[in-house]
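The structures considered in this document are given below.
Okay, so chain A shows up in both of these, paired with chain B first and chain C after.
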Partner chain A sequence: MSEWIEACGADDVDEEDVIRFDHAGHTFAIYRSPDDEYFATDGLCTHEQVHLSGGLVIDDIIECPKHNGRFNYKTGEAKGAPVCVNLKTYPVKVEGGKVLIQVG
Partner chain B sequence: MGIAVTDASVRPTRRDYSLIGRDSRLAVENGLAAAEWYHTDVPRKQMKELMKRSDGPAIRDTVIWIAAFIVSAAGGIWFWGTWWCVPFFFVYGVLYGSSSDSRWHECGHGTAFRTQWMNDAVYQVACFMIMRNPVTWRWSHTRHHTDTIIVGRDPEIAVMRPPDLVRLVLNFVGVLDAWQATVDMVRNAAGVIGAEEATFIPESERPKAIRVARVWMAIYIATATLALALHSWLPLMLIGLPRLYGAWHMVMTGLLQHGGLADNVTDHRLNCRTVYMNPVSRFIYLNMNYHVEHHMFPMVPYHALPKLHDLIKHDLPAPCPSIWAGYREMIPAFLRQLRYEDYYLRRELPPTAKPYREELHQDDRMPAAAE
Partner chain C sequence: MNGGMVIIGAGECGGRAALALRDLGYAGPVTLIGDEPHLPYERPPLSKDAMVADAPAVKAIAGEADLADKAITHLRPVTVASVDRAAKLVKLADGSELAYEKLLFATGSTPRKLPMPGLGRRCVYLRTFDDALAIRRHLRPQSRIAVVGGGFIGLELAASARRLGADVAVIEAQPRILMRGVPAEIAAVVHAAHEAHGAKILCGAGIAAIDDDGQKVQLTLADGRVIDADLAVIGIGAEPNTRLAEAAGLRIENGIAVDAMLHTADPAIFAAGDCCSFPLAVYGGRRVRLEAWRNAQEQGALAARNMLGHEEPVSAVPWFWSDQYELTMQIAGLSDEANSSIRRDIGENAFILFHLAGDGRLVAASGIGPDTAVARDIRLAEMLIAKGARLAPAALASPEVKLKRLLAG
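On to the complex of A and B.
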């Protein structure tokens, strides 16, 4: 059963940046794109389970801080070695200054 | 400065560097594989600033790099057959056989340029020059960053213990290194991925490694054919041989990265060395002399490493003040490791640094005492 959960305040994430959000034993990454849209993916790189929140957001790419593996955080697509498995993405909405993600 | 086995009756520990051997298994069992590593605290805002990508510095450096190639190659060809060609090939060789090492490395990380195709283009060219299969080495280097100098896990340990000094010296002219690269290329071109390669190259990537090896073989065969047709060494002086006669700078700087330092630890301050160098070497080496900084934060582009160094040096061992100073501490360590394999140089931290987490770095195979 899917549910919307509050992940953070809209201002908690800088533009073109990412933060970590943990919920029910699962870790997520919440992104704010350069054009002020919000996105959410699983929080760990599919290559070696490193937190993507320490990485670098460049346009629509999140780069893993450990091995520079790149994903499109809007679609979850792995963009090449050393990442081969796509990231899971989650629907996001912003309501009343809060970022909500749909999980489950 | 050093840690030594002081009791001569203590038998040194034999290391098994195979990626499919005893120490590989032990590293996994002991939690050394894909472990959590120490990082100096850097505020996110500052780290974002340092990680920022830009095409400008790498385009500038690549234009200089290509221009230096053109001028040195042209001079070498023009003066071929006279002694005047020597200085030109000296420069060309270092560009081809040494500066390509830092280019494949930086572009493999994807940090040199902001624009990805530029990273990919320089990566492919540099990999060819340094004779490192771009697929194999991308994965091998990924493992090197995951398991830096973890015995049995890291495929890029340049000096294994006890050090093979003959091999080490021969590498300055690339002989063994290039021979091994040729064997790997021929094997890959024949469609074979080795058992050790298979431990770090995913199955889906292996056909790419084979394809590249076949293209490279074709280039080398064409170059050798041209040399035969012209009855001249000149084509080989431009393609292939500079990997030998120009390798010395790569080896000189590369040995300093980890040589004589600790293995099987999870703190880059213990197993990497930062060395201050002259600007020419730093251009050839793309600032990889800031090696602790690079390993701790591989997302930071080469041109921002000096800034990162200034920011975190309070938490790092003092850098070696010169290449010479680096060798002055490293060579005696190599010599001692011939007798006591477990000997290593322990990097002292300044009082401003967070201490090492000793409980993570106590190797029960290595009864050691501070000198």
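On to the complex of A and C.
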């Protein structure tokens, strides 16, 4: 079972930035890339469960605010110490100015 | 026998170096030698989450399977007794020998001992997982914990002890806590947080005498006050583990002296992490030694590259964090390079001090706030420091001016 849920307005995220979105007890991170595409991953770092939304987005990378672990937010890939477990990613679409993510 | 890459010390730095050698495609033997019985593990949780956990566990940098997968031989607990540079051999405590092609000292540091008589079983230090377990046993409601030294490790331990309900007194000889490397304005926030959480902080308090009978400790302060404790945890700084390198004839200068490529004077030998001092390019090549986790991690990876002939210099800006209660402090750069500071408030409870050198260059930034409130801006400040940026004080002070824009500009 998978469903599309509305995460935020397209304008709620700045370019090259990230925001937090909570849904049904789960936390997600919603990204807007420098080339104006949207992406979604699990919201917590795989190192110590810290909210990635406090981190810095540079190009394709989200840096965890706690210990600077890095992930490619487009693929979820962990990019080196101290993170070694990849982030789960979710499909995203933008419709009518809203960002939707597919969960479940 | 053996040969290949040998790493002495299986901590953050040694562990990362071993993994990096494989990530870089090195196919020869990699031997990681550590005198602790555990897998390479992260030390920062020892005073924080691991200290308050019901069942503290080692947070391993690499699991048994990872090491096997990558064909990294991890000898433990094994102490390296000496290094024979002429024969390119390390000698282990059990008398056996191991040949090396390239050798990395990642021996870390050891808590500075309190040079006083009267210390016994109830006066302890915190560096290893085993130290942490031994301390953890004494942290419970109403147990009395004295922390000697208001530095990072002592204060983090104090916060963890309070979380577990212990009575805590921190005894600091200096006029304030965190004298080294932390601006007074930030230390004051930390001090207030400890008091709000019920820890006593005694500054300007010299210790005149310690009496440890093996069941409890009595600390007599210079002004006559007496503190009774079930356990005294001493956190008065750390010293680099240089004895082995010194005995091998390598130069020691507040740590094993290496160049910007982490080479010692012996072309086959490198040193990295807490145990070494190195020239820091961002501050005109000033020689420093850092006791910081990210530095150990990055230098481990860099040492691996340079052991394989890459010849890349250390270019990072020092970065450090500490967690106490709900507060996180992060510091980028070395604030002692500065002669003025500018404050930027981030919301209501968080702020950053930007530290400027006489010529207006941003040389450091120190921030404090709940959770990760200051993290993004400290990270951006770190990049601005690396660029040697000179920024208008008014722009730094104003929360409306985004640092990311200053970085692009």
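Some observations on this one:
Basically, the second predicted complex is superposed on the first by the 104 of 104 C-alpha atoms of A that agree within 3 Å, B and C clash if a C-alpha of one lies under 4 Å from a C-alpha of the other, contacts with A are read in each partner's own complex, and residues count from 1 in each chain.
In this text, a residue touches a chain if its C-beta (ideal position, glycine included) is under 8 Å from a C-beta of that chain, and two chains touch if they have at least 3 such contacts.
A quick note: this is a predicted structure, and the numbers were derived from the prediction, not measured.
Under the clash rule set out above, the superposition-derived model of chain A with chain B and chain C contains a clash between the two partners.
By the document's definition of touching, neither partner reaches A:Gly43: not chain B, not chain C.
Looking at the shared chain after the overlay, A:Gly76 reaches neither chain B nor chain C. Residue contacts after overlaying the shared chain place A:Gly55 against chain B and chain C alike.
When the two structures are aligned on the shared chain, A:Glu63 is found in touch with chain B and with chain C. Note: residues 48, 55-56, 63, 65-68, 81-82 of chain A belong to the chain B contact set and to the chain C contact set alike, using the contact criterion stated above.
Here chain C touches chain A in the complex through residues 16, 19, 42, 49, 61, 293-294, 297, 301, 319, 321, 328, 371-373, 375-376, 379-380, 404, going by the rule given at the top. Within the complex formed with chain C, the residues of chain A that make contact are 16, 48, 50-51, 54-56, 63, 65-68, 81-82. Residues of chain A touching chain B in their complex: 17, 47-49, 55-56, 58, 63, 65-68, 70, 81-82, 84.
Touching chain A in their complex are the following residues of chain B: 34, 48, 51-53, 109-111, 114, 116, 135, 138-139, 142, 145-146, 202, 204-205, 297-299.
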